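Right after this note come the structures.
In the two complexes that follow, chain A is the common piece, with chain B as its partner first and chain C second.
Our next item is the complex of A and B:
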């Protein structure tokens, strides 16, 4: 079942660690957001395969914006 | 109290291979800093004459004496790189730390007899006062290895006088004795003037056969009367007097053992003095290891080496503090105090070698929607908000009530700022925490895991703002400063930059100064600088942290000045509800 990974807080996308098709395990690093001068790593909420990546490096995202989808 | 303490709530999880891989470069960076500190420590050990030269004279070095005196595996050095006035000798010329002598914890300190026969140097009295303060706070014996030639005369103006000058330790010894804390001295070599008082001020004096101690040494006794200056004839007269002086140095064992009886015992061998110190340590009262154990000691459930992959070298990278703590405390178990309140700090009861301690640490990262509840901006761990400050105040007060020592872990960028934060009373709650800490009168130690910044460095058990901090440790990631260098550059130069622009002048000079300030902040906040200036008492490898926690806890519970029966404790009941 597809699952959207949402931004936990508003911030700038600093880096995206995975690519479409990558198989990830729960707690694997997906991307890094920069907010409040700190770098927050967004981890995989469950095992899956990265099917879509919406987040782009440098993009400003708001809280709860979808960042990528795990299939 | 088995239901509370035998097996507490387990926490932490094993590292995943992905995390190890991802943190590899960070781990390398931390180890590189540790290697640099290690080189500086080696250099500090090697100052002065080589060991072989000292041994050839029939003497042991201070390090050899320590090795013989202190139980193997228990030595926790402190102030190794402390040299606040940047002496050319590379040392304050005393070596100190916590160690066990025949199973009993003591603060041990000795003059480095490889450097100017153990002379007083600038910054040394501050170093010694840290040792006397430590013995007072932990209420454990202070053991001296005295071998002190007196003041380095050409620099006397830097340390002889003043409120915390070189004579201050003598009355601190008296204060320790008034508090029932014995000061033992093993005395070697020639100890004139300042060295004489270093020798006479402890409680029990054990001397090597060739030792002496005196109000003044041969240099003064054989000297000449002042005549307002020197010329060749006077210097030649001085040389003749010095060459003609054949008397024995004043205050040797014939005087101070046989005549005055100041020396309690005299030993023919250097090691005999150290064996004598061991005899006296054995003769002191001390609770056995099991007396205050609330449960059997356990190792943490996870390897301590994991810390290199859990504590990011990058000060901006978020991590999980709970995972750090899980590598340090017995069984990776805890009783967490108010887990649903003040999420930016962990507060809870843990065990070190089966003995109870209160632990407090900054959590990192985004704190969730709606927090802090008084603000319209997101809360990030590392910063302190109203709830976290209230929670720490409550926890500290309860630790004081239950007589639990406290271990603080700092990685803090400061207390929340702005009008909303002021209305939320953070200023008063921060100072309130300083008040709460003072009220406890329990020993505390601090580990500055990464950032120690702004007032938060003070209020979270920092050595600056209370009398209960026994010692503070730095790690390879430590950074202590009033604020980040970039923030300081903005605060210092923003208005000037605006003026320059308005005047139509180039911004380049201002930008250059801003970048210089950032660089200076970086250089003066890093681990080696913190150790040299005494912002921390020692920078330790991550893998050494638990050993220092064990030394602290063991020392605290050896001779406590007050106790709370476990079945009278309130904090565990408050936690369980």
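Our next item is the complex of A and C:
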């Protein structure tokens, strides 16, 4: 069951912690966004395997933009 | 002999030496601790040079920094220009998506008014009390704007207090926030806000200007510039002006403001018994404001199903965006997947408006 990870707020992608194929558990750190000069960590909404990563480092994302897919 | 009379070193007084230490402390806080360095650095240097004797820098009608102060601050030019830049930086989207949060920004001015009355009990005049109270808004330019008109002799101390407490928001606010909220309340996840259209954001500065200035005309210098800067930003057709207001103009005016404010702090003006009360009352104002924002959010929760995380109420003080970041961080301690930042920006930007309105009310009554 694929699940999109959505951006919780608008910001810039600072770093991506995981890679495609990584197995993650709920609440694991997935990537770091920078919003209003503050780092905000995005956590896994559920257990799964990272199947695709849409977010690229340096990219500006809007709230609710898909960042990656957990398969 | 004439040469010796011109030697500054022979005219140094003990008070000046104390002020050098104050200056060095401010410069240290700016460079070593990065506390509001953009302001505390020029302020600290201004304090230093104003307390070197015989330089004439603050001699009325002649001195270089006196001119900065007179034409920039006394003539009410620089604080409004800084507000132009702040307006160009401000996104009212979070406020427009949840207009009820504006009440939190208003509530967080509670400390301003409470301190206005408290300061009178300590023997300050009405004008002085208003100037001290406005520190609770944690808004530097507004404090300077009001002080220059109501109590110029307190300007330096009040400005330094306001900027210090702005820098200390991440230290002062969290204990109050934890004290007044339960773990359960800090975990409240707020419902996703609706999207705000570009048209709404465009109409806001114009409408808000009309409404606020019809009600509190005395807030016009700050409010008009604030909303003009915001209109630049949201119009999207004057990128060059937006950019200048946000960066070049703001930086230039910050230099003049900082040095001028620092230079008002001569030994006679600053080393007075009541300065300690100014810092104490200012801190109390700021704490009470924080508490009022939190408590109103809790009160609103009694009447609504769509719960507000009370932490965003603390962001009603106008230290933008520091107070919003603090609300976000304290919320994340309770629930790391709770993203309060954008919700907190609503009360935060309305807090700026609230502080300017408070200054306007004081000016109307006491100016």
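By our rule, the second predicted complex is superposed on the first by the 71 of 71 C-alpha atoms of A that agree within 3 Å, B and C clash if a C-alpha of one lies under 4 Å from a C-alpha of the other, contacts with A are read in each partner's own complex, and residues count from 1 in each chain.
As a working rule, contacts are C-beta pairs under 8 Å (C-beta built on N, C-alpha and C of every residue); 3 or more make two chains touch, one makes a residue touch a chain.
Small disclaimer: the values here were computed from a predicted structure and weren't measured.
*Asks:* Answer with first, second, both or neither: which of chain B and chain C does A:65 touch in the superposed model?
*Replies:* neither
*Asks:* Would you check which partner chain A:22 touches, where first means chain B only, second means chain C only, and both and neither mean what they say?
*Replies:* The answer is neither, since A:22 touches no partner chain.
*Asks:* So, does A:39 touch the first partner chain B, the second partner chain C, both, or neither?
*Replies:* After superposing on A, A:39 lies in contact with chain B but is clear of chain C.
*Asks:* Which partner does A:8 reach: the first (chain B), the second (chain C), both, or neither?
*Replies:* both
*Asks:* Applying the document's definition of touching, compare chain B and chain C: which contacts more of chain A?
*Replies:* B
*Asks:* Same chain A residues contacting chain B and chain C, which ones?
*Replies:* 8-10, 27, 35-38, 40-41, 63.
*Asks:* Given the complex with chain A, which residues does chain C contribute to the contact?
*Replies:* So the residues of chain C in touch with chain A come to 321, 324-325, 328-329, 336-337, 339, 341-342, 345.
*Asks:* Mind pulling up the chain A residues that touch chain B in the complex?
*Replies:* Of all residues in chain A, those touching chain B are 8-10, 17, 25, 27-29, 34-41, 63.
*Asks:* Okay, in this complex, where on chain A does chain C touch?
*Replies:* Chain A reaches chain C through residues 8-10, 27, 35-38, 40-41, 43, 63.
*Asks:* List the residues on chain B that touch chain A in their complex, please.
*Replies:* For this pair, the touching residues of chain B are 16, 18-19, 22, 314, 316-318, 364-366, 369, 378, 380, 382, 413.
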